[in-house]
Amino acid sequence: PMAMAQGNPVPTEGGDPNILNLPEHTTGLGQGVAVEGYGKPSKFEANLQRRQSPGLTQTTQASVSFAPLQSLFGIVTPSGLHFERHHQGWWDIDPSKHRFMINGMVKKNMVFTMDEIMRLPSVSRFHFIECGANTAVDWGNVAVPTVQYTHGMLSCSEFTGVPLITLLELAGVDLKNGKFVLAEGGDGSSMTRTIPMSLITSGEVIVAYGQNGEMLRPENGYPLRLVVPGVQGVSWVKYLRRVEVGDKPYASKDEAIHYMDLQPGGLHRQYTNLQEVKSVVTTPSGGQVLLDKGFYNITGLAWSGKGKIKRVDVSTDGGRNWRQARLETPVLSKALSRFNIDWVWDGKPAIIQSRAQDETGHVQPTYQQLRSVRGTRSIYHNNAIQSWLVQENGEVKNVQVS
Amino acid sequence: PMAMAQGNPVPTEGGDPNILNLPEHTTGLGQGVAVEGYGKPSKFEANLQRRQSPGLTQTTQASVSFAPLQSLFGIVTPSGLHFERHHQGWWDIDPSKHRFMINGMVKKNMVFTMDEIMRLPSVSRFHFIECGANTAVDWGNVAVPTVQYTHGMLSCSEFTGVPLITLLELAGVDLKNGKFVLAEGGDGSSMTRTIPMSLITSGEVIVAYGQNGEMLRPENGYPLRLVVPGVQGVSWVKYLRRVEVGDKPYASKDEAIHYMDLQPGGLHRQYTNLQEVKSVVTTPSGGQVLLDKGFYNITGLAWSGKGKIKRVDVSTDGGRNWRQARLETPVLSKALSRFNIDWVWDGKPAIIQSRAQDETGHVQPTYQQLRSVRGTRSIYHNNAIQSWLVQENGEVKNVQVS
Amino acid sequence: AQGNKYPGVGRDATPKEVAKWDIDVRPDFKGLPAGSGSVAKGQEVWESKCAHCHGVFGESGEVFSPLIGGTTAEDIKTGRVANLNRSDYPGRTTLMKVATVSTLWDYINRAMPWTNPKSLTTEEVYSVTAFMLNLANIVPDNYVLSDKNIAEVQARMPNRNGMTTAHAMWPGNEFAGVKKPDTANKVCMKDCTPEPKLASFLPDFARNAHGNLLEQNRMVGAQHGVDTTKPEPK
Amino acid sequence: AQGNKYPGVGRDATPKEVAKWDIDVRPDFKGLPAGSGSVAKGQEVWESKCAHCHGVFGESGEVFSPLIGGTTAEDIKTGRVANLNRSDYPGRTTLMKVATVSTLWDYINRAMPWTNPKSLTTEEVYSVTAFMLNLANIVPDNYVLSDKNIAEVQARMPNRNGMTTAHAMWPGNEFAGVKKPDTANKVCMKDCTPEPKLASFLPDFARNAHGNLLEQNRMVGAQHGVDTTKPEPK
């Protein structure tokens, strides 16, 4: 099984040719600065792409592409690999022509240019965004092979923008009666979602233009999107053109037909917006192969829509015994946290799991626990503990245990 | 002077045509997911480029390109806009052929593949990197117009890799006698720099492969570079091929001919590696124009090679009076911190400055204070307070005050 | 009042501007423009502008999941779609799920036809909505839907009683939800479960269904991607 | 000893491998290979492989700053380059700054010629180093530099006493540096200075010297870039 063992054998001929024969880059002159005014990854990184899951949707514009979590590090998602979810396709909008409107239960309806929004007091914060349908395909059974397809509707960025409450106060918002805010996009779908006023007054909801130091990417809502920390991605309305303050929720298409949770008995839970505590091991993970026995660093991501991650435990025996993982700093509220833990693989089958706990004390559930309340026919908000089987031949597979 | 006032006039014809005439992106179908497997910025962001400073160097391969700080947000530098500094050009190295060697005062000299390094316990941390020559051109007098050219040899990323001490311990390092580590690159210059063992044993120095979630960019040392938090960029050896443990410093070309600080009297300070506390306002900044009186958010960056930023104060009257700015979270050790502060511009001339203090209590100096010790002929380590003059016509200029 | 805090930033919206963009329709029909449309007219709209994607009877799954089907006369009485409780029922149509007729009106008005959103007249939206309701046997063939009678239609929506906000997953305090999360796993560290058994995994024939996984992992790293074009080495 | 902690990771380097990569030369000449080279041979190397970039006398500033010049016989005696203390002296050559001859040997050996690094033989490195030292009058025309006599040369380096580590900017405790930073600015908040005067700014003719700054700022934002192709509006 170890036929593919790692390429660092003790040399027989006096040494590794990669050392003894100096490569071109050691004996020549390289390329100049600003050859790429905006640089790109190495050509050897071409395997890292966001990808569609075959057969998941019938069109590409009402669809999703998944981030390659199996090959990512730390907590920042490279903007070029940020997952995508569009309902009516994406656009590259001229920001000088984009307008933002506030209306409804405010003293005065208002209009802003991008220039003006960018003059207001801004905040910069790291937050994860996860589609409510992330890990949906595995609600019932194992359906896809890799963490890209099981958990890849997940990304984390540093967002910069203006707290929505700043803009609402500028318009003279009626905080006594205004309990729900409708956010509306400027694309074809003009995505609409209801946002709780209590989350807005906390200052957490941001009208964002910046992402990872630069502007939002077109696929992620350039030039303006709502950032609703802890809440499923569909509420992070892209190409944001308008917010309306009201006294009742709006039951828009994506909160009255989708993004609802079907419970045993046939009732739907509506307005299930929160992304509860969750984690996943990203390496080793499904579709990978360990080339050798010996030492490995198990690493993964943990997050919670309710605040900071408090701890992550890792099991290599399918959940019988657990060890506490190291959390990388910073551990931020409603952001991804990166965990690492040592592991020596003895070459025998192993089932790797991670289990996160957030600062509210909530512990990520097993599939059994989750299904005992919500059944198996829900689509959204699957935050169950993920299992990866490491086989004797080194191959890692997506499995569920009982 | 306000002829160029901002484009949001109260409409006379019933409304803004950008609102009344629905744009194509509101009435059509957009592009599909994964059209770009690896996405890029909006075409409207083309002005953001890393750039050379005209006349600064005679070649492009022993040169520098500057990051466009005037248009960036938060603390993460987009990897495509990370500043560049090459001594013999950059390369895109095949990572499967790259090797890392440890020799010198260790029990056994060792060789590692990338596969193997990536199996070891890893850490992910945000750190700034600043070239020791950043702001060099302004040591004597104002020489360049914008913050891109004054401060743009500065970037901040989340780095992932293995603490160097882990690797050295694996090789059985002699910590009693080994006081200096030579780091050596694999490019044509095979850049060599002496690293203090005391910084390595602190666990802070990282043999890094990850940058902002993906691999290092070729321009930044793909597939392996040293990360030496708080220390000038030249020590962050790119294309890292070897470290050697020794009992004496190495006086390599870039620590015995350059990156030394010429003091009044003609003596050079050697091994001046630390980047001391520094800050700069990024907007408004030189080369920009304010289009209108009224409210503005002054924003900028602060950092220190000695730890966390404790506070940042901002003056709009050339340093007479100061107000404390808000620091965005997270505030991390040896990373950039983003600050923001409110300002209402009354249309009169104003001189904007920022002044940072780090957790050791050290306060960023004025030009007068710095020059009174180090004179005006040093090249490196200019951390003086920067002044931007906002003129009545709205133009912002790089100035120095007395 | 707060205007002075940020001088120079923003301006009042004009009534025309608000009218142009404020198109949302709420469950209580706030925002619904006056107007009407018949099932017959709706059929014309449907067949010329909708049917090629959604099917003549709203049954097509070729472009998106089916809109119509799975609801019964009994459901219209109870306001609960019985098929949602059948785990063997294949798929869930739009009409099985939606509780609020406003949702249909609002969404068709803002987003359909998919390639040409916001192109329908108010009458067309009323009528095509009426036609869809007719396909689902909620309104009769000769119905004319309008802002006057839409509340009556709401009272016949098959799944109108099918929603609950009694859960812990609304991130605010606006609904009388519950506070306690659904699950209460414990931080157990030792001998937490019996020997685990594999309950679900991908069948062998799906090995390469997502493309060659070797090409979906970095070429270096602690683990490489599995070459799924080859059978698994035993 | 620690090897067991990370089984399977890394292997011993072979002597050949270490020899190939361990090329650094320290100020105490640790790492310097045995060998020698004459000034005369060095001149040949210089003129065929170096002079077109650095100039026949190492004086060229066309590709990089000049290597040779600015040092005197007096400096060789004192070990301090006097011109470094003259603020009117134009530029600082390599030989004015470098204190350690090992630095030259090491760097030429690893990185020069620039387009063809690591192509020189050990003899070529000795000889071209000798030639450069001769250009700077540190060694006589008939000198043969070798691992045996290089310490004597070190004792004649013009700026050998020109370095200090007595500063607070080494981020470790390996040198007997100082702890206190150079400056001690205070967090003063009110009336800290007299009215500031402008002491330095860019001259008008440099307005467009870095290109049009309008095109170097985002097209939207609180501030836009100044159009530097036009004269400043008064």
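All chains are identified by letter, namely A, B, C and D, in their written order; residue positions are counted from 1 within each chain.
FYI, contacts are C-beta pairs under 8 Å (C-beta built on N, C-alpha and C of every residue); 3 or more make two chains touch, one makes a residue touch a chain.
Just so it is clear, the model here is predicted, and its values are computed rather than measured.
Trainee: Imagine subunit B is simply missing while all the others stay put: what groups of chains do you get?
Mentor: one piece
Trainee: State the pair with the higher C-beta contact count; candidates are B-C and B-D.
Mentor: Between B-C and B-D, the larger count of C-beta pairs in contact belongs to B-D.
Trainee: Rounded to the nearest whole Å, what is the centre-to-centre distance of subunit A and subunit B, using the mean of the C-alpha atoms as each centre?
Mentor: About 27 Å separates the centre of subunit A from that of subunit B.
Trainee: For subunit A and subunit D, what's the span in angstrom between their mean Cα positions?
Mentor: For subunit A versus subunit D, the centre distance works out to 46 Å.
Trainee: Could you tell me the distance, in whole angstrom, between the mean C-alpha positions of subunit B and subunit D?
Mentor: 22
Trainee: Which subunit A residues sit where two or more other chains touch them?
Mentor: Within subunit A, the residues that touch at least two other chains are 6, 8, 16, 19, 26-29, 44-45, 48-49, 51, 59, 71, 88, 95-96, 101, 111-113, 115-116, 118-120, 188, 190, 215, 223, 241, 291, 294-297.
Trainee: Of all residues in subunit C, which are in touch with two or more distinct other chains?
Mentor: Answer for subunit C, listing residues that touch two or more other chains: 5-6, 8-12, 17, 21, 114, 117-118, 218-219, 221-222, 224.
Trainee: Which chain pairs here would you call touching?
Mentor: So the chains that touch one another pair up as A-B, A-C, A-D, B-C, B-D.
Trainee: Which residues of subunit C touch subunit B in the complex?
Mentor: 5-12, 14, 16-17, 20-21, 114-119, 218-222, 224
Trainee: With touch defined as at the start, can you tell me which subunit D residues reach subunit B in the complex?
Mentor: Subunit D residues touching subunit B: 1-3, 5-6, 8-13, 17-18, 21-24, 26-28, 30, 61-64, 80-85, 87, 92, 94, 97-100, 102-103, 106-107, 110-111, 114, 117-118, 159, 162-175, 181-202, 206-207, 209-211, 213, 215-219, 221-226, 228, 232-234.
Trainee: For a test of understanding, state which residues of subunit A touch subunit C in their complex under the given definition.
Mentor: 1, 3-4, 44-45, 47-49, 51, 53-54, 58-59, 62, 68, 70-71, 87-88, 101-103, 107-112, 116, 119-120, 141-146, 148-149, 169-172, 179-180, 182, 184, 188-190, 192, 196-199, 230-231, 241-242, 244, 246, 248-253, 256-257, 260-262, 265-274, 276, 283-284, 287-291, 296-297, 305, 311, 313, 317-323, 351, 355, 357, 362-366, 369-370, 373-374, 376-377, 381, 387, 389, 393, 395-402
Trainee: Quick check: in the complex, which residue numbers of subunit B touch subunit C?
Mentor: The contact residues of subunit B facing subunit C are 6, 8-11, 14-16, 19-20, 22, 26-29, 95-96, 113-115, 118-119, 215, 223, 292-295, 344.
Trainee: What part of subunit B is in contact with subunit A in the complex they form?
Mentor: Residue list for subunit B touching subunit A: 6-8, 16, 18-19, 23, 25-45, 48-52, 59-61, 63-65, 71-82, 84-86, 88-99, 101, 111-113, 115-116, 118-126, 158-160, 186-188, 190, 209-210, 212-215, 217-219, 222-223, 239, 241, 291, 294-297, 299, 328-330, 332, 338, 340, 342.
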